[in-house]
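In structure tokens below, several structures.
One chain, chain A, appears in both complexes that follow, with chain B as partner in the first and chain C in the second.
Right after this comes the complex of A and B.
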């Protein structure tokens, strides 16, 4: 039976009974299995040696958990991997080191720096535009919003060739800067939308009072709107970082060397190289998944409120 | 308007500025300046590529012979429409989109119904649901590719251990299954956002409606059908259109998992654009295909933006 305290908080969509508890427990368990199962298997595989992940039937739980695959990634920079010796990555676990394994750590750093720059620049540029559209009742604000949102309608793949030519003409091919710039095109429209929804919820009397006290628009933004919008600002930072961390196709075309390639590009190289061992690739996948998952779960409240801000007001 | 108080003296100095100042109020000038950075950035990295792409689509550009690039008008478009591969891609894209959008939406409604109940651990569960959303698509692709692995994958292991199949089957490598297998990976990743959007819509339904329905003797299913479902319409439409936009142009999983194969079993429009542009180096055809896909997306997302834009009115 559900506890009385809980029952009073219940939304009473389902009748309160033993059956309700059982149904909720069953579906909760199914949902946990569905969302966490595949990732759990990825983590489990990454802790197994090559001989163990190729067992039939599969080892659901690592029989001899090993961090060998992670050691291989973090130690890859120290040894020279050639075509000849890549099969002999580690005799004990018969680990196969793909060529390019030493690129993983630099690409991790690239992903991180690009993500941080995108998050910061995206917020700085979007804040003022969102304030202008949400707060200042100027002519054509609706048109301005449509113009910004409509740029996201074109498929990314359609933008690649012109962006490639643009980046090449600016001599920015194989730079992290080229990624920062192009990712802004993806993040800005959505960020502006999040911030507008949030700014519009702030009571307009605060704005009127600030303006009556002689605040300029910039001052009203800095002293009234920004302090009250912390959740939306956090959501925007997280969203932009995650978008940048996960982005694939722009980075695939715009970066060809390790000075600029991000983690998804290096990992996709392993996945499409059929000689690569899955134990190694799985460990790389776990490394790529950790930062976004930690951020998403820690900032869950902000992300959910940001993603849904005003989206379904009807 | 008390606006002039905030205007900086430097701004009002030149005579051109004087004229602008008389023409537009402080509010308009501020708005223009505050919005300018975004418009400048988007003009360079969004509007320019969009226009340039359209221009490219009118020329026969083939990088295998870069010295000759004749203007062909709508020639690239007619060539695309006459190409049987294009219609295969349309068919594959439609199937993939319908499967992905339908399953994602149904799953999202079910998950939202669960998270809308009050029970211990609900907060933890709703945080956990973000896990697939946060997973990078490359990792999503490699994870499912490994699960589907014909030799050592978990799917074969699970089905064998449950006694549902008696020998390991091929999943991604089977042309009849591959689109559904890729769709499954996409649904897994796209479900959380759709579920959150549905949940927010559900939370906005007044409690009184449920109480009234219960008093009237409605059971769980009747309450869902007559109270929840009609109130879900705005969220449902948003999810349907958004998921369609995402699915119709999805690319990452096709590159990572199957590269259009086996044969042409996962040869979708976005994959065709990639092949024509970066493998065949036919930039003109690639741009024309992009525009066809963009127009299809645009027609759908017009609804999406209308739904979003309404709140500003």
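Right after this comes the complex of A and C.
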């Protein structure tokens, strides 16, 4: 191509790439609005009084920002809400307390402990299983992999009755342990699958080098596979914690008292037959999304690829 | 230091046989090279010796210890790979020290050994870097350091120089040869590069389709190939092959009008047998002035600087011959070729086996 031809080509290209950028920006903005919009409304409304939330047109920005809803949540445990005093709070203000409000903080703790146990146990079981399937070429390896995956083909709803009977026969109804066990059955197959594909990407020569250097399988896992799989491990931790944190249907069936109920169950209980305090429910919702958001921020820097750069000739 | 023995080793992957009935005796401190094309089973054999692959049949011995079922981390082996296989999250120092740490060596011992190895390999200034900050040659030196710091029983290398450029490959080859001498350890080296095999090996094992073809010194492999595969695999340009048969006199090879004198001592009494004649390009003398055995016409000239390769059309056969760089050829020139019958290779046409040992 001659020099003038090159110059004219780049002149034509410039507006084209600008247009492309504008379209990309527009769709990105739409996507962000779609994903973040409801969260924004949740946060905004949690800072408003009930009357402001239900106003038409709605107040996208709180006209009189208040932490009253949060004060009500954290102060709920100190008041006993009875049939006689339950109307003490004015439903139109930000301090209205639905019955069962005092259960919110204990359920937050339940959600947290169940989530942490699920995340940790899920990782311990999945790491060893995934290493065995991805790295050790044992007989029946494919069958084991398919068997694990097949467990996830069955819809959860179909398992509810058998699970309930099983948990009841084990005398574990109304325990957090029942939730931990149930959630592990959901998360482990997925996590094994994620980790297998990650482990298989780690160059086989690193495994051979580690074994030749004197590593047993456990040492090869600890010194080579785990340090190189941090992004996958963090993703697995988050996946398991969030699955447990958000889960509703199993928790609804398996737990019926506040010693074991998790946040989604308690929050859903605030939507009552006659009154629903949107301000209270939304403030509870904000509290419910804080731990996952904190987790994502803390672990964000680990979720980077390219850790294997320089291991082998690329 | 160890003598390594493989006895009837077979490795099957389902219906595929990667290594078949391999029996091999590698002497203590020997430099053994496994040579063969891709997929010939040489790396599988190396993995079997390392313990990284379970074998389907047979036994492996290190000296007088049967190690067939001993896992790799208990075999005291060291390995170097084509891909270097350095731990990306560790520094050069930690990469080299890793094997020592696993064995519970003390801090002072580790530091002393790593520093000594790094100095020997001229990478002492790189100890704090990570693998991705190194060049290919430096990475391979680190990989060598990782292996030699431990004084292993056997040093296994899987095409360690294949990813390096030509100049670096030659200098690393020298380094490996020196290491072998200074360490006094058994070396097993896998390659598909005949130049590496010829320059490094005490003995070469040529493999094809999972079967050992020949185990011999570089000289023996090159000059006395036992079959057509070995003859064709070594040598560049490749050996010329001509189909034909032995004349009734037992001392002449016949292909149409083309007749070549054979070493009667090897082919006597074999008159009428279908054979393949093998002629190395350097064994053909071009236009020596004396009486020529064959006459041909220059079809192509490939100058290489140090020498020339000339394609000569002899009847319906095209022979590649090696000629000195000073000689001048033009396409179409008539040439006389003379061949020493003792330098010829004769293979049975049906079995591809050499008829008798060439000189």
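Definition applied: the second predicted complex is superposed on the first by the 264 of 314 C-alpha atoms of A that agree within 3 Å, B and C clash if a C-alpha of one lies under 4 Å from a C-alpha of the other, contacts with A are read in each partner's own complex, and residues count from 1 in each chain.
Following the convention adopted for this analysis, a contact is a pair of C-beta atoms (placed from the backbone, for glycine too) under 8 Å apart; a residue touches a chain by one contact, two chains touch by 3 or more.
Predicted, not measured: the structure shown is a model, and the values here were computed from it.
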**Asked** Taking the superposition as given, does A:56 touch the first partner, chain B, the second, chain C, both, or neither?
**Response** first
**Prompt:** Is A:224 in contact with chain B, with chain C, with both, or with neither (first, second, both, neither)?
**Reply:** second
**Request:** Considering only touches as defined above, state whether A:292 meets chain B (first), chain C (second), both or neither.
**Result:** first
**Asked** Is A:126 in contact with chain B, with chain C, with both, or with neither (first, second, both, neither)?
**Response** first
**Request:** Look at the residues of chain A and decide whether chain B or chain C touches more of them.
**Result:** B
**Message:** Quick check on the superposed pair: does A:212 touch chain B, chain C, both, or neither? Answer first, second, both or neither.
**Reply:** both
**Message:** Per the contact definition in the header, classify A:203: touching chain B only (first), chain C only (second), both, or neither.
**Reply:** second
**Request:** Tell me which partner A:282 touches in the superposition: chain B (first), chain C (second), both or neither.
**Result:** first
**chain B versus chain C as contact partner of A:162, first or second or both or neither** = first
**Message:** Counting contacts the way the document defines them, which residues of chain A are shared by the two interfaces, the one with chain B and the one with chain C?
**Reply:** 211-212, 214-216, 219, 307-308, 310-313
**Asked** What residues on chain C touch chain A, complex-wise?
**Response** 47, 50-52, 71-73, 77-79, 81-89, 98-99, 102-103, 130-134, 136, 139, 143, 146-147, 150, 156, 163
**Request:** Could you please specify the touching residues of chain A with respect to chain B in the complex?
**Result:** 2, 6, 9-15, 21, 24, 27-28, 31-32, 34-36, 38-39, 41-42, 45, 53-58, 60, 125-126, 128-129, 131-133, 136-139, 141-142, 144-151, 153-163, 165-166, 181-182, 184-185, 188-189, 192-193, 196-197, 200, 211-212, 214-219, 242, 245-246, 248-249, 252-253, 263-264, 267-268, 270-272, 278, 281-282, 285, 288-289, 292-293, 295-297, 300, 303-304, 307-308, 310-314
**Message:** Looking at the complex, which residues from chain B come into contact with chain A?
**Reply:** 2-3, 5-7, 26-28, 30-32, 34-35, 37-39, 41-42, 44-50, 52-53, 56, 110-111, 113-114, 116-121, 125-139, 141-147, 149, 151-154, 157, 160-161, 168, 188, 192-193, 196-197, 200-201, 204, 207, 210-211, 214, 220, 223, 228, 234-235, 238, 245, 249, 251-252, 255-256, 259, 270, 273-274, 277-278, 283, 286-287, 290-291, 293-294, 297-298, 301, 305, 308-309, 311-313
**Item:** Of chain A, residues touching chain C in the complex
**Value:** 203, 205-206, 208-216, 219, 223-224, 227-228, 307-313
